[in-house]
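Both complexes below contain chain A, partnered by chain B and then by chain C.
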Partner chain A sequence: MGFMASFERVMEKALVPVAAKLNSQRHIVAIRDAFILAFPITLAGSLIVLLNFAVLAPDGFIAKMLFLNKLFPNLADFQQVFAPVLNGSTSILSIFIVFLIARNIAIAMKADDLLCGLTALSTFFIVYPAYTVVDGANFLSTQWVGAQGLFVAMIIGLLVGEIFSRLSKSKRLQITMPASVPPAIARTFKVLFPIVIITVLFSVGNAIILAIYPNGIHELIYAMIQTPLKNLGTNIFSLIILAIVSNLLWVFGIHGPNTVAAIREGMFAEAGLENLNYVAAHGSAWGAPYPVTWAINDAFANYGGSGMTLGLIIAIFIASRRKEYRDIGKLSIAPGIFNINEPIIFGLPVVLNPILIFPFILVPAINILIGYIAITTKLIPPIAYAVPWTTPGPLIAFFGTGGNWMALVIGFVCLAVSTLVYLPFVLASNKAAAIQESTGTSNNDLPA
Partner chain B sequence: MNTYRIQMNCGQISYLCEFFSEYEDEQIKTNLLSSNRVQAVFEAMTALHGEEAVKHLKQVFQQSKFGPGLYYTIKKI
Partner chain C sequence: MKKILLVCAAGMSTSLLVNKMNDAAKDMGIGIDIVALPISECSKAAEEVDVVLLGPQVRYQKAQVDAIVDGRVPVEVIEMRAYGTMNGSAILDRALELIDQNQ
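Up next is the complex of A and B:
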């Protein structure tokens, strides 16, 4: 048995069950899906901030291109209209996350998801740092409702989701109302005891933590878990390793991005949000605090989809003389522009292809490195704006940096590099196909 | 009752073959027709319309033991 066959066997027998477990484990799925559900709100906030600075700022790239600043001299005045948008999105992300995680757990455990989510939200504020009184008025710090409070939100969402769902199933804890009582009221009484128990439990727990660590649970979790994980995530090696693992799983038929999603969010979410908050405050991505975030992968290493397969399609058009390759290339180019690569992944195929597997994993790693070098040498600013993943290739880098033209150039450099790396592998793959044809065997005809 | 040919693609096609060979529920019945390393073709007998049948198959596999972990496509041919 060859190396590739042994490797495939290991993936099939060992990794598929692990990936399946990870993708169906309710706590991991709850975290992953909570971020997925909150993403449109984050993205909307990011896009409006981008428009605010690109269109309405006198030095914005669209304003300059269309001479908007000359046509409308008071254009910048309108910026304040959209300035509060982030207050309702990334700045309160932890509130969304705590609610959604608890709700997702309740859905998985067939409990009352809405009341579970609300209980988690209530609990989040039970353990929240106390109000500060200034001139007789109460002020609640916003420090922990945004990116910095994400881990407490995740922990509370998971704990409340689990405790609520279990307790609410206990018949002894349910208050059953007569049939004449309206259903909405009967529903709330059914889970009243579990909510009281959770409230008491977390109040006491919070008091104990405050007695031991007076700065509170948020600072404790932030210092002990969130900061080390963030430091791990904002490291180029972690980024490359995570991209390699994700693409490696993908090429063996395992859903890589989903499998690593919960880890990825834990490592990169705060850094990405802090960068977005920075541009909202400063109007530019230059100087954003975290040069390394997962956004580098999307901006430079994901054109055409996982494995940067847009480079593969171009390499096919340049080098392949085989009709089936060129046909698949033609079929794949339109979805590939929008980073959808199923036609080429299964058409060539790329999955389980012993030749194309190497560039599929190598190209994104090289391009992440190119993007990283461009950012750290201050050739371009960090990728600070969230951009929809279906945005065509280099435009992600362009919009992600707030309209930096050099980022667009670097994006095209990455596309050229990916094409160059794929070229010899396309030629080798063509050669292998020709040999298989002449010997009457096909890689795909082997029994599954 | 409609009969469709359904193509499934996956790097771990054996898991789909195992699941859908002679699969049957209240809405659909499938039989494996052919398979290679990354692709399998099934015959599906169902009262559902084509796209609904595909959606149903995706849903049942996604809820199976290995479905959530795998990257696959299912389409009517």
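Up next is the complex of A and C:
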């Protein structure tokens, strides 16, 4: 127990301040919240693409299950209707992100968030590659409004967010209208100078960058930042390490996924989106460009929530005779099916529990490896469809691969493995609690 | 009608707690209005409530919430065990206590 206590102290000193910073630093929070807000649109697009290929296509897994092609022979013709859906979500994700990041920064700094977001949007297109003229008509390239443009969107969102918020606070730059002027007009004039300054600033900056690097800022950022980060992310080691860090944070009562969200999006967002674009174009997840994405964690290592706590709950029901464990188990199973685990994490608790922290971190890592091996040995295709994270675990693997039954099986295998690994730790935990009771000590004094 | 804001990461686990707290309030025979929101969306609601409670897993974002609330009402992190066991009545009692202290 001495080792455990000093390990905890070291972690508290080292990890907790970092986590605190990551959870409250306004730029990181702005990025994280922007992706959270944009996700429903990506999700809707993904589900409709899934619908397109699972229900409307003659060989879709739902169509086959329900014999839809016998009942409605012309369903495939309607696929055209839904084909453009991703044009409104993943293909223009950078547009949503640049607006949302700037708006979030403005909210944090108590500036006009709507106008700040609009200014960032405007700036985004000011520095965008010039129109291509074909037969007298202007065309905008789609290359940098989607997944590939994410980092430029993040940088512009942050810069405009900061500059606008600071400038708009300066009294000298505010044009104050007389009280008789309608509020909407007064509001726009109030920030007119900051907007003009930002426009000029970024136009000049863009010109300078184009002079030094004629391929333009998007190519530059993509080559120097986004691609290395993406390569760093889409390999199995980064995935496991990030999952371990996220779960380690939970052990200290800190919301792990939230804390690592900004880093996680930076490393995995583009890969996930490219996979989604791939299935939209090809109708099948087989051959998707990025086998390793964060989706492996959600599909195989997150049942019940972080730490694969559904395995813990099942292990408790199998092995634990202790009333308080079974009570928490009963309380946690309903939210656990939908991957919400605060009840069991704080109720058992798993937080700062010296016995349970081992399986909590170990089990997801094992499950990620199982999923990874299944994908790289081509047993199942990569996870390409975005699915809500509250979907019951094995179904994420099932729908994420576009209806692959083997993926569902692998999901249940992971659940079984996790239960088996949790079992000895649950037994040990019960024994430890029994010993404490008989010797009259208590381990219930946890830091506030 | 006392108004309470619960804040967590995605609004999921706190919405479970809302039901428990509403049940507890009914048992106590008092009327309360509880809303559960993620941190990223709580700034509007924070202006209209009498107390703000944070889930323990987002206690490191208390500074962010304090800045939004600006001292107008009490902001407190819910005790871990009470949150984990979804102890609606204990948390409700604490919320009402904080509101009274602030009046």
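We adopt the following convention: the second predicted complex is superposed on the first by the 440 of 448 C-alpha atoms of A that agree within 3 Å, B and C clash if a C-alpha of one lies under 4 Å from a C-alpha of the other, contacts with A are read in each partner's own complex, and residues count from 1 in each chain.
The rule is simple: a contact is a pair of C-beta atoms (placed from the backbone, for glycine too) under 8 Å apart; a residue touches a chain by one contact, two chains touch by 3 or more.
This structure is a prediction, so every number in the text was calculated from the model and none was measured.
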Clash or fit, chain B versus chain C on superposed chain A: clash
Touched partner set for A:I36, first chain B, second chain C, both or neither: second
Which of chain B and chain C A:E12 touches, first, second, both or neither: first
Which of chain B and chain C A:N23 touches, first, second, both or neither: both
Partner chain in contact with A:F346 - chain B first, chain C second, else both or neither: both
Which of chain B and chain C A:N104 touches, first, second, both or neither: second
First (chain B), second (chain C), both or neither touched by A:G253: both
Chain B versus chain C as contact partner of A:I328, first or second or both or neither: second
On chain A, positions contacted by chain B and by chain C: 16, 19-20, 23-24, 29, 250, 253-255, 258-259, 342, 345-346, 349, 351, 444, 446, 448
Chain B residues touching chain A - in the complex, by the definition given at the top: 9-15, 17, 35-40, 65-73
Residues of chain A touching chain C in the complex: 16, 19-20, 23-24, 29, 32-33, 36-37, 104, 107-108, 250, 253-255, 257-259, 328, 331, 335, 338, 340, 342-349, 351, 390, 444, 446, 448
Chain B partner contacts - residues on chain A that touch it in the complex: 11-12, 16-24, 29, 249-256, 258-259, 342, 345-346, 349, 351-352, 443-448
Contact footprint of chain A on chain C as seen in their complex: 8-10, 12-13, 16, 38-40, 43, 55-61, 63-64, 67, 79-81, 83-86
